[in-house]
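Below is one structure; the comments refer to it alone.
Chain IDs A, B, C, D and E follow the sequence of writing; residue 1 opens each chain.
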Amino acid sequence: MNPNTGPTLQDFGHDPLWLSIIKAVFIFVLLMLGVLFGVWTERKLISRMQHRYGPNRAGKFGLLQSVADGLKMGLKEDITPRTVDKIVYLLAPVIIAVPAFLSFSVMPFGPMVSIFGVKTPLQLTDLPVAVLLVLAMASIGVYGIVLAGWGSRSPYAILGGLRSSAQVVSYEIAMGLSFVAVFLAAGTLSTSEIVAKQAGGGTWDVFGLSIPQPSWYAISLLPSFLIYAITMLGETNRVPFDLPEGEGELVGGFHTEYSSSLKFAMFMLGEYINVFTVSGIAITLFLGGWRAPWPISIWEGANTGWWPMLWFLIKLVVVFGFFVWVRASLPRVRYDQLMAFGWKVLIPLNLAWILLYATLKALRMPEANRAFILTLGAIIVVGGLAIWLRFDTLLQRRREAKAAQIEEEFEQLREEPEAGGFPVPPLDLPHYHGVVPARQASTAVKEVTSGSN
Amino acid sequence: MHYWLSTLIGVPVLGALGVAAVKNELRAKQATLAVSLLVLVLTVVMAVQFSPNGDKFQFTEKYSWVPSFGIHFGLGVDGIALVLILLSAVLVPIVVLASWHEAEAGKRSVRMYFALLLVLEAMMIGVFAATDVFLFYVFFEAMLIPMYFMIGSYGGAQRSYAAVKFLLYSLFGGLLMLVAVIALYSIADKGSFMFTDLVGSVQDVGTQKWLFLGFFIAFAIKAPLWPFHTWLPDAAAQAPAGAAVLLVGVLDKVGTYGMLRFCLELFPDAAHYFTPLVLVLSVVGIVYGAIVAIGQTDMKRLIAYTSISHFGFITMGVFAISVNAGSGATLYMVNHGFSTGALFLIAGFLIHRRGSQYISDYGGVQKVAPILAGTFLVAGLSGLALPGLSSFVSEFMVLIGSYETHAVYAIIATSGVVLAAIYILWMYQRTMNGPTAESVRDIKDLNGREKWVVAPLIAVIIALGFFPKPLLDVINPAVTDSISQVQHVKQESVAQEGQ
Amino acid sequence: MNGTIQAPTIEYGLLAPMLVVFGAAIIGVLVEAFAPRYLRSSIHKPLTLLSLAGAFVLTIWQARSGIPTKPAAMGAVAVDGPALFIWGTILVLAFVSVLLINDEGHFVASASAVPGSAEEERALSEGATHTEVYPLALFAVGGMLLFPAANDLLAMFVALEVMSLPLYLLCGLARRRRLLSQEAAVKYFLLGAFSSAFFLYGTALLYGYAGSVDLAKIGASLGAVGGQDTLLYIGAAMLGVGLLFKIGAAPFQAWKPDVYQGSPTPITALMASGTLVAAFGALLRVFWVALGGLEWSWTPIMWGVAILTMVTGAILAITQTDIKRMLAYSSIAHGGFLLIGVVAIGNQQQNASALSALLFYLVAYGFTTVGAFAIVTTVRDAGGEAWHLSRWAGLGKRRPLVATVFAFFLLAFAGIPLTSGFFGKYAVFQAAVDAGATPLVVVGVVSSAVAAFFYVRVIVLMFFSDPAADGPSVVIPGGTWAVGALATLATVVLGVFPQPVLDLAHTAAQSLFVR
Amino acid sequence: MTTHYLVLSALLFVIGGVGVLVRRNAIVVFMCVELMLNACNLAFVTFARQNGNLDGQIIAFFVMIVAAAEVVIGLAIIVTIFRTRRSASVDDVNLLKY
Amino acid sequence: MELYVPILVLAVLAAGFAVFSVSIAPFTGPKRWNRAKLDAYECGIEPTPQPVGGGRFPLKYMITAMLFIVFDIEIIFLYPWAVAFDNLGLFGLVEMVLFIVTVLVAYAYVWRRRGLDWD
């Protein structure tokens, strides 16, 4: 490996406490600002995509819009419905927010730099199991969702909570599986080392001229990357997978009862930070981390000093932009489609891809017994195909049966509309022109109608 | 190598299978009779070849059965076993003949009854012929099953109760014996269960006492020694007459035989140590059995209690440790088999006619059925040991023999004889003499078949009464041999006291 | 640090029997998934039977081709003499039980349907069946194979669960008396999970004590490690609790009658035979290999447990009116008798004889009990099996053969000579006497006399009492018939010519457990 | 150091055990069992640290799987009986008398 | 250990912030009592009374949860394998193929039994 591959595990755990604190505060601030900026970016971008102006009143380009929103939230009345389970209700936002922050602690921003004379990597910390930490934090976030729904004690909230947790866990599996290939390639779970592994891909020497080999796992492990890209949308409840707040069917989902104020702000915060987190993971695991992309990387100093943080942030913005782009372009999927996609497409594809990649890797081993491996692979492929065919035919049959049944029902309905007990108004019904019933006017309750101040 | 004994065991078993297979009931009965007679003939032929002063065990056979436990299928007979095998071989055909219509009573399978009978015979011969302690145990236990079914399926009103009681008592005793057998084996550590290998293998007296108890209790239950007797009256009273004969006549002898064969020879010291106890029990048994018998109102129960009293004599004879008593006891086993057998059978005929077991229902049978009454009297007199009838000889020998060694017990035991006279004669008087009761006015006398049943019994009783010598010749050496050990021990202890 | 990992090796050949069974189970699941409903059972039956038979053949072949002297699969599994013998036994018993399972009418049409509900009616009318039974049974059998062969506590724990979990489910699948069946499942599950938690904590403590879960290593460290005896003792005790629960030894026997009564009779047969055998194999391995050096500490306790088990089983059985409950208690009592053999530990050669005695006993008992349950399935009322004892009255007259065979099995349980049960008891008792456990043997004898009482009671009922007017009918499907015949044959042969099997057990036990 | 963890795991185990014995709701009982299993896991990991080998942690993995399998099966059984009885109390599970 | 210290620092920071803002909320805003406001929101209709400790919800979610457990556990095993793959080599490949195939079989079973369908 070339010398400037950046820090490895050995470089961590030597920081003095004050340095850790500095780094932590830095990350904290970065994320807070990121959220403010992110909200603005999103609204601005999406409105542009929809030929609108978007926020443009508060500050230049409406840059202060989100600040204003934040203040407003702080100053709004804090409503705690009386039916809720107080403790859980108050706990939920915290549980959602905190782990969102924590995932960022293993995010590598750059190589070794010296801060106040201490040589230290641009990364809060790194673990042998760094990626597991991220997944763990994601799972803890799910608790927040469930508890929020559960504590609210309202049907919408509970349903929303269950739904979104079901969704998140389902996509978490696909996500976790999509990492496996990366670990196969990198041979480690430590983020910094994974970044290091993506340093130089080496070159193909074809006819004398050397073509740089793609070093990003996004390219060499394309399937994993694509799957991850999808799952990160599902994981963060973003469009097209934002079922939990599917305003259409269940109002605000799990945070229906967190109507206003800072508690709601926590959910917003958590959501956005999660977006940053998954983007960061995408960058670190697939997009070469803080390393400069190809054209820039030709310049020697690109991957040294503080520069890499720039590259990292740029990449972050780009990925975030991708989120917004998707939101602008894709409609929301139906819940059953969502689950079916997660369980029936992503997971099997993932496993198949893992097996395939592992087989290839084994084939590349020096002492590998190729014949054996190939036969093994062949057997699996054939078996898989056989099962899949059988499966397909069965599904086909089932689909046809269902279609036939529906068709037959329609036939029946055309025969006599009353079938199935649905009240069908007679065609000659006199149309109702809204005459106000008499006892509407007398609502003499002295209450301040909400929102009028 | 000869196969006398295995043939004697094998023939009835095969016969049983055949009988069970035959569809026609009459054929089955005839087949059974034929088989049992064949066995009898074979036994007699074998018996005449037996040389009284030859080896201890003759006609020995020995096949390895379960080597890893050192179990052999070892057969062989000495005098004692021989006469007992003879006894059973003689009794079975008689019983077959006697219970010709026995099984029709309940709507149960007749063939099964006779098949069980044959199986039982095989087991009885086997148990006497076994020279391998383990094999003995196996027969000892297996013998219960056919008898259990005979009582339970073909017996009287209380049959299942009686059957279960009988089975559980014997089973329990058997299991205790099993423990003793195992312990014996592992102490002897000869890797074999053959009797001859085990004799004298246990030296430590303490151990001997425990093992002795293990065996003795089993046998005491089997040969109903007071206070282990309570199952006998029920079983004997509920069993069909034929089964009752075999039960009291042969099965119980296994107990006394076992005491004589195993308790005395394997554990001489323990036997010597326990002699007083056993004698007390026997004497109590004699008196108790007799007195209770007097009080009975049920004929079969009465006979059963008389047997308890007689078994008292036998055990006393066994444990009196003198050749006379020993031989007497052995002879007594045979005689008791015949006389009690006769009593049961004839009582059975009577009950079969009248349909009641209660003495009070009878009276003056003598007039309507003289032969029946006469034979009943003979059998009864033999039971109370009238001189000239078989039991007299044996009972006399037992008393003489025990008088030599333990005078006191002998004297007390003599009272049993007197009591015996009371219960037999009184029963006879109540049933046969006096005015003829309405209920028995029109009962028939013995018919041909029944005569054929009774005749041989009476004949044997009288014959043995006058001429027991051949049997004694066979018995004496064997008994002498088997009590010699204990005598030896006894002399030692006497000598020690003498110093 | 990655460099230090060495690729482990696995002797697939040695584990072949187990692998065959598990593989068949997995194929079974595939069949469940993809075969059309009407084909499933006709695929499952041959598949299951063939796999079991194949596994048996493989086991025999291994025993022929020499018993390995060191544990396989990196010391996780020990395929030694006893293990092979037990494998053979379990496979045969499982085969027989599967024959029982094959016969119709034991299993619920649709487990998820609420009893008495419309959907259940529909399922019944459609003739739906849960063919999942076969894969489940195969998984259970696989677990049974691994359980006694496991050479470290982790493998043993996994095996324990693999064995138990399918059984929990199978318990709840009885076609008749659904509520009872479901209750049995719940009880079995809750208690089973409870006990396995104990087993696990015991494992943890022993791991803490010895620094390894490998039985041999634990055994080796007994003397070596000092100062942590509390860990050792508590751990051993908890381990014991877990194992004793599985064999249903008092005071952990409470589940047995309920489960045996509630679950479908073929499954009961499988549990009563296979699980018992497997559990005893494991018990022996743990207590002889790992805790052998601790003998003086656990023997007295084991004495107590054995006595308690025998007495409880024998006495409580007397009061039972449900045939299956009675058999359950009798199996508890038999567990007690087997425990006598476990206690009969001593020098090398003594251990070998005790072990061979146990192995023989297990074979004998296994066959007899399967046969007994097979008979139980044949005697049927309108509402399924005629479970109440009073219904059996006079069976001897209605169906002499069935009654005779059943009586024969009962006599074998009671240990009457010329039946397999007798030599089994005898062998164990003798081993115990050699090891100086005579008092235990006396207790065993007494309690088996007591036990004989209720066996005899059933015989009395069948033969000496008159049949009821509307007595149960006797239906003997082919499979059940074969099972009955086989079990009878085994009981007779083992009772009259036990020598061959004894030799087999002896040779199997000679090498004892590998360490 | 590690003793604290051991004490904790012992406590968890005991709590679980007591819960199994005293609680009436099948699901709660079942959760108590799971608690016991997790107590075991804690013990394993602690001992792994104490003995300085990784076995304990690996075992913990396996225990997790087993626990998962148990959860699946247990809940299935309990739900079935719940649908039958409309109650998950073990007291209502009383057809089987001793 | 000290690898985790920074995480702890960040955690304290984040938790502090979250708790602060949640607890400050009631004081920053105005208070205007309104019964409708304090009801659970159900589009204006009378809120359905919720049983204490949450009501019952579709079994479906339980099944999903179980499937999640199963596959999550599978992932637990995949990660170490992936990391150590180079050392395990062919053995690792074979074992993992067996493992994944087994899981897939169960997966197919669930699929065919409509365990993955949402009505």
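Assume contacts are C-beta pairs under 8 Å (C-beta built on N, C-alpha and C of every residue); 3 or more make two chains touch, one makes a residue touch a chain.
Because the structure is predicted, anything quoted here is derived from the model rather than measured.
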Touching both subunit A and subunit B (chains): C
For subunit D, the least number of touch steps when starting out from subunit C: 1
Pair of chains ranked first by number of touching C-beta pairs: A-E
Maximum centroid distance from subunit C, chain identifier (CA atoms): A
Chain whose mean Cα position lies farthest from subunit D: B
Separation of subunit B from subunit C, taking each centre as the mean of its C-alpha atoms, in whole Å: 45
Where subunit D and subunit E are represented by their mean Cα positions, the distance between them in whole Å: 21
Averaged-CA centre spacing for the pair subunit E and subunit A, given as whole angstrom: 13
Whole-Å gap separating subunit B and subunit D, where each centre is the average of the chain's CA atoms: 65
Subunit B: positions in contact with at least two other chains: none
Residues of subunit A engaged with two or more neighbouring chains: 187, 387, 391, 394
Touching two or more other chains - residues of subunit E: 83, 86, 89-90, 108, 111-112
Pairs of chains found to touch, sorted by chain label: A-C, A-E, B-C, C-D, C-E, D-E
In the complex, subunit E residues that touch subunit A: 2-7, 9-11, 13-15, 17-19, 21-22, 24-26, 28-43, 47-48, 50, 54-55, 57, 61, 64-65, 67-68, 71-72, 75, 78-79, 82-83, 85-86, 89-90, 93-94, 96-97, 100-101, 103-104, 107-108, 111-112, 116-119
Complex contact set, residues of subunit D against subunit C: 6, 9, 13, 16-17, 20, 26, 29-30, 33, 36-37, 39-40, 43-44, 46-47, 50-51, 53, 55-56, 59, 62-63, 66, 69-70, 73-74, 76-78, 80-81, 83-84, 90, 93, 95-96, 98
For the subunit D and subunit E complex, residues of the former touching the latter: 61, 64-65, 68, 71-72, 75, 79
Of all residues in subunit C, those that touch subunit A in their complex: 2, 30, 34
Residues of subunit B touching subunit C in the complex: 65-69, 108-109, 137-138, 141-142, 144-145, 149, 152-153, 159-160, 163-164, 167-168, 171-172, 175-176, 178-179, 182-183, 185-186
